[in-house]
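As written, the chain order gives the labels A, B, C, D and E, with residue 1 at the start of each chain.
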Amino acid sequence: MDWRDFYIYHLGKVNESVRSWLSAHAAGWTAYVVPAILGAILLLVFLLPSQLMVVWIERRLIARFQIRRGPNRVGPWGLLQSIVDAIKLLSKEAIMPRYADKWPYLAAPVVGFIPAILVYAVIPFGPDLAFADLNIGLLYLVAIGSYSVISVFMAGWASSNKYALISAMRSVAVLVSYEIPNVLALVGVILLAGSLSLTDIVRAQSSGSFTWFITVQPLAFLIFFITASAEVNRTPVDLIEAEQEIVAGHHTEYSGMKFGLFYVAEYTSILAACAVMSTLFFGGWHGIPWLERYIPPWIWFIAKIYIFFAVFIWTRATLPRLRIDQLMAFAWKFLIPLSLLNILVTAVEVLLIDNTTLAPAVWMTLLAVVNYALAALLIVAWSRAFRMPRRRSADIPEVRRLGALPAETPSY
Amino acid sequence: MLKTEPYVLNMGPQHPSTHGVFRMELLLDGETVVDMRPIMGYLHRGIEKLSEERSYTQCIPFTDRMDYLSSMTGNLSLCLAIEKLAGIEVSERAKYLRVIMAELQRIASHLFGVGTFIDDCGASGTPFLYMLREREKLIDLFEMASGARLTYSYIRPGGVMRDVPDEFWPAVRRFVAEMPRYIDEYEQLLTGNEILRARTIGVGILPREQAINASASGPVLRGSGVKWDLRKADPYCVYDRFDFDIPTGKQGDAFDRYFVRVQEMRQSVRILEQAIRDIPSGDPLPKVALFFHPPAGDAYGRSETPRGELGFYLVSDGSIAPYRFKIRSPSFINITALCDMVVGWRIADAVAITGSIDIVMGEVDR
Amino acid sequence: MSVGLNHFLVLSAVLFSIGMYGVLAKRNVVVILMCVEIMLNAVIIALVAFSRFVTPTLLTGQVFAIFVITIAAAEAAVGLALLISIYRNRENVDVEEIDLLKM
Amino acid sequence: MTQSLSGEQVANRVREVLPNAVVKADGIDLYLRSEAMLDVCRFLKEAPDMEMDYLTSITGVDYMDYLEVVYHLTSIARNHSVVVKTKLYDRAAPELPSVISLWQGAEFQEREVYDFFGIIFTGHPDLRRILMWDGYANFPLRKDYLGLNYGQRPALVE
Amino acid sequence: MITDGAAFAFWVLAVGTCLAALSVVLLRNIFHAALLLVLTFTGVAGIYIVLSADFLAGVQLLIYAGAISILIIFAVMLTRRPVMTGGFSRFSISAAIVAVTLVIALIWVTVGLTDWSISSESPIQPTTAPLANALFDRTNGWVLPFEVASIVLLAAMIGAIAIVKDK
């Protein structure tokens, strides 16, 4: 064991050293179990404080956007506010609706929370700093991500509340629709990197011929950003828990820590979405070249996560919400065609790169210019052709007015 | 598409976006509203009955608590009715002060109304809090004048409670100078916002004919393209001396109602500039006793509040208290056509349309 | 205890029979569709197990598994579309009551 | 300025078409027979020189001997207004034709008058309590509400 | 053949998957059945990982757990009121006999009668790239079947829409 490996810059080498030392000096199984536990602890060291920080950051930042002060009473700058909130949630009464479907109701928060955590397994925080560097990393991400629908659906169905049920229906419709452009946007990156492994994708973004993929995949990034906000419920597209319409959506009937678990799962998946975005499009753990030597890669990566989180807060503070039919139309008529076109263009480019003799730098510049121009052109052209549906939904047979409702008004 | 079964969704009385304790029984087909039934009365305090036991001046605090977002115009409406009933004359300075207060109140109320409307469209509070920033300045102005921040009871039969203090004038001048810039800021943030336009243009159309037929008033009526504003149509106080326009909408959708409100704020600033410039000196205090006996008879007095025509029908039997005290409240009557506007739209639109009418439950239930 | 091909084949057979029992015994079309999916999964397990143990370097079984999954997706889509169409016409999805040939 | 049409002026026009409708008219008000209410309102709404397209308010008043319903009508097109009143002497079951077929705005206002005074508007499609709760037995704005003498004052002398 | 850890995983996954599948069949509440179906699919994905078919496991999660079970849950929801109880038909006894006979016969034939030629080579891992090569190889690949499969999928989608679309 070389103790120089435990330098903070090469945090990723810790696990490797521990593994090699254990396989040399201890029983065979420890070489698997101990690094796994170490990795899990490292992940929790990132995730648990992040949970609290992120809530605090969101509240402080959105207060800034709204010319308020935000939490500033508990602890310095209100830093302990999230902890106090967590204690409050833990001490709340656990209420269950009488007609709730008991087991799905109780299982839903857990089913929602587990995939949110599982996503982090493949995210590389630095070289050698991924919990499990799966070679099907991206596929795994997408597959795990689809479990959140099931959680929302279980909660919505089981709590026997109409708002929750509407939320469940919306979640299925929205998430299934947005899954498609989401995956299609990833394909461009996969084509360029030639691998599904996230570590490979990050390495591909530093290997000289390519810089960060945002330079050549602007359209894919935009699509991914929009679909990711839909999947993690951020404001312009947060129809699953649109509070002005359906109170709190699927977790209307949840209280105490069961609600807290939904809340934590939501923020965990937002952070995961930020991490995926920085991994795929913004060079993962790579930093700005002349500063890269002084700052460890995992700090770069976490900084990028928080920057994207701030962007999410920014959109939340700025934009009103779309309507459900507009949201669906946006996914099917706008995002999917554009992401398909993006795949086509990227595939052609990859074929051309393989057969070219030009210098990589020249190619890169050329591609970047072409892709940005194309993205701008496509967005403008498509938004000209595509208009948000604004008309009254035509499929109601007749306006049933005054008397369609049951006559007696129950008094509460 | 599918053979679906309509179901009833109870939106309210406790719901994040029903503007108080308002309840909408929605009959939904999927997410589409098939029928709607507004249910109110949760905030009914029997102001009409209570007023029959109080002197005319004692009735004024009730008007603060009806439309609690625009108390000044509520006071003004009642005072106009009482003055008509009892034949009380008002001094020039008091008339100007009333106009200034009413227009400041109109801006404050529209700020709140537009803010909550945008909130109902899903913006998570930012435009709303921007608007509250300016409303706060207005409330400070009202506090200077009346000592209260929400329930002013400032306008009294025959005049106003007291003359405004000297420091009021620089403050209101500064506000009037700054306000157009802030309105530009809101418009920058909202009017061109593609999501907001998609959510509101063409949504919840109240056609011109129906708006008149359903007795809508205020921005709801003007949003439908009817150029009807009591300040022009039936001028009270000194509105006939000011130069201002009546903004109207084109097709009567939620966006038009929003836009009319924003434009009305601009017009109010115009009126305020003229009123502050022209205000005469004098004594604005009432020349009548606190308790007075109007002659037997009836009178209907009204004014244009931010929500529409607020009228008071007073019947006097010669005693110090009204024999009948009827409130024609604009919020209450404006939701008559709500059902027709909402049916056929989605749940989200139902919320946005209700927000665009800008009801205050204190006034609906009275 | 080491695990070999036979274990996977037994698992595949058990899952297949569970699915088969469901298909034969249940009345609800939705449940029957679910059971068909279980049967398909059992088949894929067998295919992948053969691929793993008999021809570990060829991957033919896995290629076949991909085709089976494709067909399963198509089957689910068409089956559920049929189901909804039946439900729309008859408000019922009980196989014992929708066995008439006319709608 | 909205011109308030005098009761006599409108009464003369009404008498041309509906001779028996008008009970009394003075400088301000126009008193009508309650049965003729709907016909007169239709005339007022449709006559080209009246065009009362806007129903400002409907008010109930309890004068002890009789109930009175006051209609404030406005013409947005011509910017004039008129006050129409009618008296109902049957306190047990006061009835009045509903004007909802002319003005949709009457829907809630008539319900409110029914709620507070118990005046039944025949032809109203949905005449229920509006501000008081369903099943409430009294009409609270009547002067004999709950049979109390508190606050009761002699009726106005005509 | 298979390491100890993987053997342990196999037993857990196999028992869990079979129990979940049994519950799908036996439960009367079809919403619960649909949820347990998701569990079954997830367990099968785990079995694929034990069989070192990692790409297939990802596909299994994505297609089965992510798409097909959502479709089924959607169908449960759309047809909910009359069908919430998934009762048994009048053939349930004979179906049980058939199923038990089938499982015995299958095990007897596959495990008892057949002598599989088990290869001793270690499996390919990771499988993504080799699988792609096997599918799209120019000489002995499966490009044509792959294209046919995608056309079948497209046809099924269009057909499904055509069936459900309002006439």
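Throughout what follows, contacts are C-beta pairs under 8 Å (C-beta built on N, C-alpha and C of every residue); 3 or more make two chains touch, one makes a residue touch a chain.
Note that the coordinates shown come from a computational prediction; the quantities given were computed from them, not determined experimentally.
Note on connectivity: the fewest steps through touching chains from subunit C to subunit E is 1. By number of C-beta pairs in contact, the leading pair of chains is C-E. At the centre of the protein atoms shown, by the Cα-centroid criterion, sits A.
Chain centres here are Cα averages; for subunit C and subunit D they lie 73 Å apart.
Averaging Cα coordinates per chain places subunit A and subunit B 43 Å apart. A straight line joining the Cα centres of subunit B and subunit C is 64 Å long. The residues of subunit D that reach two or more other chains are 133, listed in rising order. For subunit E, the set of residues that touch two or more other chains comprises 55, 59, 67, 74, 78, 164. Multi-chain contact residues of subunit A, defined as those touching 2 or more other chains: 169, 402, 409.
Residue ranges on subunit D touching subunit B, taken from their complex, read 1-2, 53-57, 59-62, 70, 72, 76, 79, 83, 103-109, 112, 116, 129-133, 140-141, 145, 151, 153-154, 156-157. Residues 5, 29, 31-32, 35, 38, 54-55, 57-59, 61-62, 65-67, 69-70, 73-74, 77, 126, 128 of subunit E are the ones touching subunit A in the complex. On the side of subunit E, the complex with subunit C involves touching residues 1-2, 6-7, 10-11, 14, 17-18, 21-22, 24-25, 30, 33-34, 37, 40-41, 44, 47-48, 50-53, 55-56, 59-60, 63-64, 67-68, 71-72, 74-76, 78-79, 82-83, 86-92, 94-96, 98-100, 102-103, 106-107, 110-111, 116-119, 121-124, 127, 130-131, 134-135, 142, 145-146, 149-150, 152-153, 155-157, 159-161, 163-164. Those residues of subunit C lying in contact with subunit E across their complex are 1-11, 13-22, 24-28, 30-31, 33-35, 37-38, 41, 44-45, 48-60, 62-63, 65-67, 69-78, 80-85, 87, 91-96. By the touch rule above, subunit B contacts subunit A in their complex via residues 1, 6-10, 13, 15-17, 25, 27, 29-32, 34-35, 37, 39, 118-126, 129-130, 133, 189, 193-196, 198-199, 201-203, 339-340, 343-349, 351.
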